[in-house]
Amino acid sequence: MWDFLGDQYEQILFSSWQHFSLVVQCLVLATVIAVLLAALVYRNSALTSIANSVSAIGLTIPSFAFIGLLIAPLGFGVLPAVIVVAFFATLPILRNAVVGLSGISPSIVESARGIGMSRFRTLLQVELPMAWPIILTGVRVSAQMVMGVAAVAAYSLGPGLGGFIFSGLSRLGGANSLESVLTGVIGVVVLAVILDLLLVGLGRLTTPRGIRV
Amino acid sequence: MSPRGLSTEAGIAGGDSAVEAPGNPTAPSVPTSRVRARWNSWKGLVYQLAGILLAFLALMFWLQTADLSPIELTTLAPAALWVYTVEHIQLTLLAAAIVLVIAIPLGIALTRRPLRFLTAPVLVIANFGQAAPAIGVVVLLAFWVGFGFWAATLSLVLYAMLPVLRNTMVGLQQVDAHLVEAGRGMGMSSAAVLFRVELPLAVPVMLSGVRTALVLLVGTAALATFVNGGGLGILITTGVNLSLTSVLVTGALLVALLALLIDWLGRVVEHVARPKGL
Amino acid sequence: MSELNATNRADSTDEPITPTGITGASILLDGVTKRFPGQTRPAVDGLTMEIPAGKIVMFVGPSGCGKTTTLKMINRLIEPTEGRIVVDGDDVTDMNGDTLRRGIGYVIQAGGLFPHMTVATNIGIVPKMLGWDKARIAARVDELLELVSLDPALYRDRYPKELSGGQQQRVGVARALAADPPVLLMDEPFGAVDPITRLRLQDELLNIQEELQKTIVCVTHDFDEAVKLGDWIAIFNEGAQLEQYDTPERILGHPANEFVENFIGSGAGLKQLTLTRVADVGLSDAIVGVAGERAADVLARVTEAGHGHAVVVDARHRPVQWLSRRQLGRLDVISDGADPKLPVVGIHATLNDALDTMLVSSAGAALVTGRRDTFKGVIDVKTVMDAITRSQGAAVLESDQAPVGLNTGVFQAQASAEADPSDTAGHGADAQAVR
């Protein structure tokens, strides 16, 4: 095992970085999309329930099946991986953003409007900051989830640590196949822990002190 | 591999309430309003089933009419598809049964007073364990127990354990401590309080965990093909390996539809089994 | 004790409940101490107190003083570290806790109803555990719902969430009384309902107690509630130190020490208003009219009697309107409308409640109603003021024996404690001194 790590450490570091960066970029993209969607729907109960159904149903679709469906039109490469990871990352954040925004007491919104804030300003300066801790919880859930999804997404020959798992599998019984798979699995778990800690730190930095738990 | 997360599960359970307005028994019992209330509470489920059936019929129609090569025709013969589907369901249900037998008693035990201190550490470990990619777990277990059905089942069990365990624990923890005290205060033994108060009140959360686990299992069972465990996943890998788009798409769609169908079944059970009065 | 008592008594409950004298049992806490692990000071320290049968004893004190811990040690939800618990003469310290609790009613804040069970199932839990048959449980459930003023046909099959807070609390009381236990423990029972509902629930509890005469131990943080409900009030300080254990009258009139004085707070004189019931003071008569009568006739009667108002009652003699001379003068015939803001108090209400009501009425007085809301008379501010003056003098003269309560940890036989006032530490001695 140590030999394998020693021989491959450059490749491992590079793949880890790729994996991490794929996940983080997709999370940023997903957060933007999810918050925008939530801001569009949260004031309308019909749209809200549609958004909730979409995120609930979307989460039941197996990521491996989804990858398969994307390989068909898009071929192999980075694009299907990014789409799959971003898609699954969006759903929990969307859910939490809708819950967070619609959970804000109407009296607070009313008082913001009452002192002359525009609808948009209220959203930006009052509602989003108050919903942020809940949104961030969604981001953490997403992060844990798409770390694994990104590994499966490597099936489309996308970047990241999933490559170690699939290459180990394809050289089954061959030299270092077990080590390769182990590296992939443990690497992903380690990355997930690191990212979660970073997100907790981000939460500490970005949550207004008045609403910190 | 398939998506999950605590807030997600609780959320899915909660999300229903947006769709299903629970029947309000205090409402005047005018027949039409009762029918309407009942329809509202089932509406989402009816739409979901209709969507699944429509997609399935469209897939079948496409398979009948598409211009398929002989290899594709053999692989996609209805009999073959049926075998893969049954294998897939067998894997899913067997793993689910094992998970229930282990995770629910374990979850109950971990919320009893002597073991309660373990609740938090177990949840933390399980959460990070869940971050391990399913495909990696499946392959690693195959190295250990050998390739085939049982390796696949074992890894599925490991993988689906968390949602059931977690929701059992969370479901029991969220029962109002006052109610437990009220139960003990009127002379119910701790076992009686568990079975007559805590578990019935935890049922909605527990069932949502079971549903999440089942959906997760359907998705993960698609990876069983990598360790010769059978199931619909073989259509996806075959499709990719042989560049047979129709086989790839059929496999992926069938797995997705099966997941949605199981999810639907789970929701129906949750809907029916939810204790009245909640 | 309790299971036997509960079942025996329950045998006779097929008939409707009628006042049967004291059905409660006495309770004795003998040198009870509770230490929680990891805490240096005991939550309850060597408490000895006697709770007389058939009385309401209120535990009050600042939060964290150990009053709730003390309450929960009576049914052993919290096991005492040291000391004995004696109920109805039987030492229950070592009996099976579940069996003990089946024979003691327990009411908690907001009722603690099980949300997944109907009202009837909730009430029937203990009888079911005691092995009653279905018909008997069903009959008992209906009987209890009647007792707490809920229509069985309407409420039996409802779920708790379909009830208001006050109704839930009533069902909670009914559930606690299900197996007819001699003792009822209540932990801040009315803490979660609005003030108006709370007053009504308190009145109702007093009515029920008048009928059943259980031994009721009730924890509250509301001193006014303690004064209103309690036959005896135990005021606790930290570590469940008993500062004073006496009647409301004597606690208000003669607080044992500065702590009690501070706890009572200002307005002790006003609080004495909660000690007297409307029924205990003289009511004034009023000119009564009915709907459909000519207003001029009624006005003539009012003028003749020298009154300012006339009370309009309905067919069942319930007051519906209260008209001034000026209003009567403007009317031709008395209408059959009802005034929803009529200042009405029940005959069991305290003078304090009555004063509240009359202060918001334009007439500076309130209408008093008795059973089935029938009109009884009028109470005005002057009657109340007279009552205050009288009660201040009178409280001191009452000569009830105070039950034993002390923190030495050594319990003397009750007889000797009564014979020798110095044994009862500050409280008994204080009471003796003023006699």
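Chains here go by letter, A, B and C, matching the order in which they are written, and residues are numbered from 1 within each.
The rule we apply is simple: contacts are C-beta pairs under 8 Å (C-beta built on N, C-alpha and C of every residue); 3 or more make two chains touch, one makes a residue touch a chain.
By chain, with names taken from UniProt: A = ABC transporter permease; C = ABC-type quaternary amine transporter.
Source: prediction; values computed, not measured.
Engineer: Determine the set of chains touching chain A that also touch chain B.
Structural biologist: none
Engineer: Taking each chain's centre as the mean of its C-alpha atoms, which one ends up farthest from the centre of chain C?
Structural biologist: It is A whose centre lies farthest from that of chain C.
Engineer: Tell me, please, which two chains come out on top when C-beta pairs in contact are counted per chain pair.
Structural biologist: A-B
Engineer: When the mean CA coordinate of each chain is compared with the mean CA coordinate of the whole protein, which chain is closest?
Structural biologist: Per-chain C-alpha centroids compared to the overall one single out B.
Engineer: Taking the mean of the C-alpha atoms as each chain's centre, how many Å separate chain A from chain B?
Structural biologist: Chain A and chain B have C-alpha centres separated by 21 Å.
Engineer: Distance between chain B and chain C based on Cα centroids, please, to the nearest Å.
Structural biologist: Computed from C-alpha means, the inter-chain centre distance equals 52 Å.
Engineer: Compute the distance, rounded to whole Å, between the mean C-alpha positions of chain A and chain C.
Structural biologist: Spacing between the chain centres: roughly 58 Å.
Engineer: If we count contacts the way the header does, which residues on chain A are in touch with chain B in the complex?
Structural biologist: Residues 45, 48-49, 52-53, 55-57, 59-69, 71-72, 88, 91-92, 95-96, 99, 137-138, 141-142, 144-145, 147-149, 151-152, 155, 162, 165-166, 168-169, 178, 181-182, 184-185, 188-189, 192-193, 196 of chain A touch chain B in their complex.
Engineer: Note which residues of chain B are touching chain C in the complex, please.
Structural biologist: 25-26, 178-179, 181-189, 192, 196-197, 200-201, 275-278
Engineer: State the interface residues of chain C toward chain B in the complex, per the touch definition above.
Structural biologist: These residues of chain C touch chain B: 75, 77, 98-106, 108-110, 112-118, 125-126, 129, 158-162, 175-176, 185.
Engineer: Touching residues of chain B toward chain A in the complex: what are they?
Structural biologist: 1-8, 11-12, 14-16, 18-19, 44, 48, 127-137, 139-140, 143, 215, 218-220, 222-223, 226, 233, 236, 239-240, 245, 248-249, 251-253, 255-256, 259-260, 262-263
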